[in-house]
Amino acid sequence: MAPPSSSSSSSPPSPSPETPLPSYAAYKFFSVTSPAPFVAHVQIQRPDKLNAFSEAMWLEFGRVFGQLSGDADVRAVVLTGAGERAFTAGLDVQAAAQDGNLTGAANGGKVDAARRAKALRAQIEEFQGSIGAMEKCEKPVICAMHGISLGLAIDIACCADIRICASNTRFAVKEVDIGLAADIGTLARLPKLVGSTSWVKEVCLTARDFSAQEALAVGFVSQVHEGKEATVRAAVGLAAALAGKSPVAVQGTKELLNHARDHGVAENLRYTQLWNSAALQGEDFPAAILSVLKKQRPTFAKL
Amino acid sequence: MAPPSSSSSSSPPSPSPETPLPSYAAYKFFSVTSPAPFVAHVQIQRPDKLNAFSEAMWLEFGRVFGQLSGDADVRAVVLTGAGERAFTAGLDVQAAAQDGNLTGAANGGKVDAARRAKALRAQIEEFQGSIGAMEKCEKPVICAMHGISLGLAIDIACCADIRICASNTRFAVKEVDIGLAADIGTLARLPKLVGSTSWVKEVCLTARDFSAQEALAVGFVSQVHEGKEATVRAAVGLAAALAGKSPVAVQGTKELLNHARDHGVAENLRYTQLWNSAALQGEDFPAAILSVLKKQRPTFAKL
Amino acid sequence: MAPPSSSSSSSPPSPSPETPLPSYAAYKFFSVTSPAPFVAHVQIQRPDKLNAFSEAMWLEFGRVFGQLSGDADVRAVVLTGAGERAFTAGLDVQAAAQDGNLTGAANGGKVDAARRAKALRAQIEEFQGSIGAMEKCEKPVICAMHGISLGLAIDIACCADIRICASNTRFAVKEVDIGLAADIGTLARLPKLVGSTSWVKEVCLTARDFSAQEALAVGFVSQVHEGKEATVRAAVGLAAALAGKSPVAVQGTKELLNHARDHGVAENLRYTQLWNSAALQGEDFPAAILSVLKKQRPTFAKL
Amino acid sequence: MAPPSSSSSSSPPSPSPETPLPSYAAYKFFSVTSPAPFVAHVQIQRPDKLNAFSEAMWLEFGRVFGQLSGDADVRAVVLTGAGERAFTAGLDVQAAAQDGNLTGAANGGKVDAARRAKALRAQIEEFQGSIGAMEKCEKPVICAMHGISLGLAIDIACCADIRICASNTRFAVKEVDIGLAADIGTLARLPKLVGSTSWVKEVCLTARDFSAQEALAVGFVSQVHEGKEATVRAAVGLAAALAGKSPVAVQGTKELLNHARDHGVAENLRYTQLWNSAALQGEDFPAAILSVLKKQRPTFAKL
Amino acid sequence: MAPPSSSSSSSPPSPSPETPLPSYAAYKFFSVTSPAPFVAHVQIQRPDKLNAFSEAMWLEFGRVFGQLSGDADVRAVVLTGAGERAFTAGLDVQAAAQDGNLTGAANGGKVDAARRAKALRAQIEEFQGSIGAMEKCEKPVICAMHGISLGLAIDIACCADIRICASNTRFAVKEVDIGLAADIGTLARLPKLVGSTSWVKEVCLTARDFSAQEALAVGFVSQVHEGKEATVRAAVGLAAALAGKSPVAVQGTKELLNHARDHGVAENLRYTQLWNSAALQGEDFPAAILSVLKKQRPTFAKL
Amino acid sequence: MAPPSSSSSSSPPSPSPETPLPSYAAYKFFSVTSPAPFVAHVQIQRPDKLNAFSEAMWLEFGRVFGQLSGDADVRAVVLTGAGERAFTAGLDVQAAAQDGNLTGAANGGKVDAARRAKALRAQIEEFQGSIGAMEKCEKPVICAMHGISLGLAIDIACCADIRICASNTRFAVKEVDIGLAADIGTLARLPKLVGSTSWVKEVCLTARDFSAQEALAVGFVSQVHEGKEATVRAAVGLAAALAGKSPVAVQGTKELLNHARDHGVAENLRYTQLWNSAALQGEDFPAAILSVLKKQRPTFAKL
């Protein structure tokens, strides 16, 4: 689907140590660095556990992307998993097995089903909200996956704007195999991201693995690169390209495309009228037009 | 799109005579057998007429899937057409040509246009409801097509969860050629099942044939196999795999994906919270988690 | 995705001079001719400016398609761009740079932001409405693109029913590079036309070029032909095929597919009941059924 | 809100024995008679139990209204409760207390919460469907209440088109007092039927009684009459008036108003275009216009 | 519902001859004058026919309100009917009886039902669009009714923002009595304008008259005045009050309330964020805040 | 609309000092006490400024209701304003006049309109979210108003479940008079709370005062009491009644009624099935049924 990626053959800009972003230094499970101007690179940092997510991690994940959304020094974000083996193996099942709320052991197992249902609703809502923070982040997010990418990995990837992956990536919508319908977003978003419902239902109902090539063929990812390093490099390159463009245009495009997913065309067109009635009054539009006419490179104020 | 199907090369489990399911013995146009535990195999049984549908057939079709939906001994369903030539040639046009309601000959042709419109609305609604019963069936349905698969064949296939087909399948959205816009579901569902609206409009407006390979390329089917036998075997294998998993997880996944098709993401996420607030209190989730941790094979109660 | 196009290898029907349609003679920027019975061929006629659109052009574009919609002598429409170089280069940026309303120079730049917002909303709405007239046109429209097809070219193409292109077509969703989120329909419609949201966001956020082959792979177009001439010939052939079919069936199919895009399945099925309760009472349905049974070629009254 | 009801002061047409409708004779809990041409009068016939509903009753209720919907000899329906004391006291709580499905005692209480949830969903859906059959009935329904009208009485009344009551009626949305949120339709429909959400929440959350006068003031009923007899007489008079009008106009009006409740204005206007594009082709419209111009009384064919 | 109207007791500002607005002088069926600064008074001018509407009239009606919407010299509109007897008697039934399209006599009655349906859809859509132009008019419209106000009078009134009437007004939703379901907007809008669905269905199904007092009680009008003159004076006073306020605030309030009718709360809140993100940047907000703090009377630029 | 309030005539339970709730002691602008078991009484505590809201206040308001929502010791909430003069005079206009973001003075007034729009959207969203926290609070909220209740007072009241007021209350939707369309919720919710759109538009467009009696007549409040003390007493009595009922039933009723406001009937009925499929498995339903049959008073576990 994507053109043969030129970046995979170009000489590497070298995996130079990226600059850590100080205002994100306090996070425990995620590192945030800046590999290029206005680009933030978020890494899931639990490689010894295949980057599996505990509750503390997903709550932190939500906070990281909440902060990025409001950070005027960030115009594009790359998300990757630390280590060679996995983007993320998904939910930390051992931790989940000890969550009294999930297993019903909370309060000595004496809570009735209506009250347990309320607790579960709240817990799922919080979990959905944490992962969904990446979708709500007003800056575009490129999710660059490699290796093991199971279960929650798909929920997370579905919240990104652009998905690319390494050729060794092993995907699966794994939830059915732990006895539940996926509830953190895969079932809500995946059918709207790819072009074959038959394929979506096949992978969601069977929990079978699918490869990078299959993901590219159905449109789940739009680029496949050789190995993790080339994949991350491509993601950073893409992010750097976005970061060089008008943030008014880029962030507006993200917002309007996300709105379009859940609304009819007439509704989206009206929403677009309102959006651009303010956005076009910014300085980016005349500056960009001028730069096109004068064939110059424009610069844009922070947003 | 799908990986080279391993089942097509594996040694055949042999087309052993499948066990008829006694509680479905009274149906006239459909046989229902069980090729594997918890799997029902529904065959359209009118091969001499290329499995074309009369009104009596589509009404029965609705009843078959209504019964399957509530049958706790069934966890996955395969639908095929009997005989070598056709999955189904669609509507029995000769029978339709004699339907006074459709042709306006009913009541001596003296019913005015408003009253005839009411009768037509009711007739279309009943027809839609009968075919749609397969979509409403709470168990996943795999539609395995071969040979002639025209008109109503597409309406039916669109109601399945997973579509696979033999390499010799000949598809067409044929309705325009009999002077009407398809009204039993193809126009409602097909654009939401595949990834190219340009292609959808092309095949719906021209009524041209399309092949198994083209169907795979656009995502209408997710697997193509060599010949009917291999196709049915693959479908049964897939159904058997689903039937071995938690029915709470499988049926929930079907429901939530169907809900996602017609709702925005936020709406579906909330619906999922409610669904899983009850589903997670069943025994399947802890049993499946445990079996993952202990690497055992779980068993699940009926649903 | 499409089968190897037979038209590209068949002997050319020759680019015979098409008959101008007199009732469309007054248009300035568009020629309207008839290459086949009941087929209208609309050409964007500003080749010296790469068919770029000024405000006067898009207003006229809306009127052309409004007229075609109500013209009972037209059953299918082909849209192309005159000249060899471009379908259209999109918005005429130089003209836009002098639009005081867009640049804020109107009224001496003294209009406050709330009042300017009102003017911009109205301007965008009018622009959207003009381009959208092609989608609202009740006859199917085939958009045949070649060469440069940027920015507004995509907005326009998204309003067509079927998109085909020449192998030399160079596409781009260019708006981000002139500092704005595309607001004439690309962001509203493109995600609903193709099967990979990751790809959609990639091309919309980066404004990068994509080729005919890439457009075919993601499903944006459903046919690619060698060169402009073969492409136009294929489009005219397709239109002629549609024009030979029941206009009740063809126009109903367009309407119901467009309705399906923005509505859930249940809603569309009900709408279909109402639509066909009148449409089936026309003469096309019995005539077509009869012609199928008698293997004759039917003719249909105007619509 | 309503004008002083003339019927309450007019001389009684006498409670003459109404003609039973033979095709409805087999129902056990409901009598169906015809007090006027084309009018059906459905009475809840369990006065010794204050017309409280068991499961068998609500299933039969659904069948009665399904039959009325398709009965061309019926153009308007009146629903009342037999006996002097109650329209209906609602759910038969003693029967409900022995429903193993509701109490969890089914299957020896050994069904897990996920499986019990499935059974409960199905049971509520069936119950909703039975009561909702009155709303789906294509003929207008006038619900005439008196005396005790609690719980399910409100769910039922909300499905009628016109609600009137006797001055002695005692209403309450009683469900909160038996430990559940009303789930058969009151919470879905009541807020859309009356003009004060504060009042709706007050009566739904407190389960307090409200009187006929209060019901009239908030718009829940549109007429109050003195005593049951006058109320039924008014309902029958109203039904007879409707039955004398064009059934195409009356049934279309019911359908379009019900559609309007759940759709935006633009959506409803389009739906109306389709509806009337067939309805106006009937004989009723020209016949009624002619009768207006000639000041004659029209007659209309069955529908 | 409304407080005792002070205007009805205040001394009359005298029915001074209102200034005609020159740019509206060409209209044939409507006069447009200005009784107060920034206020336009539209009168239906066909008193000898009780202001009944022919097709030419409703088309002109649409154009009048289209022009008012874009006229920066108008900030509020009053609509009344000329003459003492009627606001409007609705559709001109005699004219309608001769409309071949409506009666089916067009084209010698030889058009089939599908083709006639298309013509009818188009005709209803055009009619709905003409009347709906009043709702789409960006300035608030006060509809002041008196005397006969039947059928189309209600469709029109439902498109106004504020409805007031004289105590002698005689209302009826008359369409059922001419054999059709009202299709120009009453059924779409009336249930969303008043607080009792039972009452709405009663008046729509029976076509009975209702009085000014009843209209006030159900909330259809919000003021009743003694006689036409006092009513028009009250309407003009109200319009003058609106015209003195910030047009950014007034027009925004109209838009957001209309949007709220057809959208859920969350959707409307988001739309409001976009709307006010531009509107608050105008000069009206700081000017009005300042005038409140300084207790001065603000003036506002045109909009 | 409400029955003559018995509480206004009953002997006062005396304004005994209410118990402060310790876990809410840290709030600065709101006191939270408990006048009855499981009842929380929130008072706006800025009487010297007529309880006008600064930004710090509305942020705190959101936090108070977020905490109440999750507090299992609270089953019903009463909101009042401290002091005799005002529930709240609304936005603190003097504070707003110094908000650089609102006035455009932020960043030295050098931020362009697109960037200012982003800041305004975020600010309105945060404000809406803070006030909307009361609607999202899972416990029913009774808003008891008195005296001055302007602008933001209406936004807040619209988020409550039940609104009651003292006879001296002076209401106004005041925003138009400070130059803006109300954007914190009044325009989104008010039209769905009361029964006359004409009245809603009248008060929103004119910003005129309306009285307690008028508020009762249109259904904005459901009870009016004599003076603040009686009003608060009635609110507390109502809250105490709700707190004595099954919290599963009460909270479910709130949720389902709120859902019904923004969804069609079919959608709400399905949602209800899911909700009650878990809720009915709690202990409240059998306990309440039993208590009805045994005529005992039930007790319920916390929720």
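Chains: A, B, C, D, E and F, in written order; residue numbering restarts at 1 for each.
The criterion applied here is as follows: a contact is a pair of C-beta atoms (placed from the backbone, for glycine too) under 8 Å apart; a residue touches a chain by one contact, two chains touch by 3 or more.
Predicted, not measured: the structure shown is a model, and the values here were computed from it.
Although chain E and chain F carry the same sequence, what matters here is overlap: shared residue numbers make up under half of all numbers found at their interface. Each of C-D and D-E has its own count of C-beta contacts, and the greater count is at D-E. Each chain gets a centre from the mean of its Cα atoms; for chain D and chain F, those two points are 34 Å apart.
Taking each chain's centre as the average of its CA atoms, chain C and chain E sit 37 Å apart.
For chain D, residues that reach two or more other chains under the stated contact definition are 113, 117-118, 192, 194-196, 218-219, 248, 261, 266, 274-275, 277-281, 284.
For chain E in complex with chain D, the touching residues are 93-94, 96-97, 102-104, 113, 116-118, 120-121, 124-125, 128, 132, 175-183, 185, 187-189, 191-192, 194-202, 204-207, 210-211, 214, 217-219, 261-263. By the touch rule above, chain A contacts chain C in their complex via residues 1-3, 140, 161-164, 192-196, 218-223, 238, 241-242, 245-246, 248-250, 252-257, 260-261, 264-266, 268-270, 272-281, 284-290, 292-293, 298, 300. Taken together, the chain C residues at the contact with chain E in this complex read 70, 112-115, 117-118, 122, 248, 278-284, 301-303.
Note for the complex: chain A touches chain E at residues 271, 274-275, 277-278, 281.
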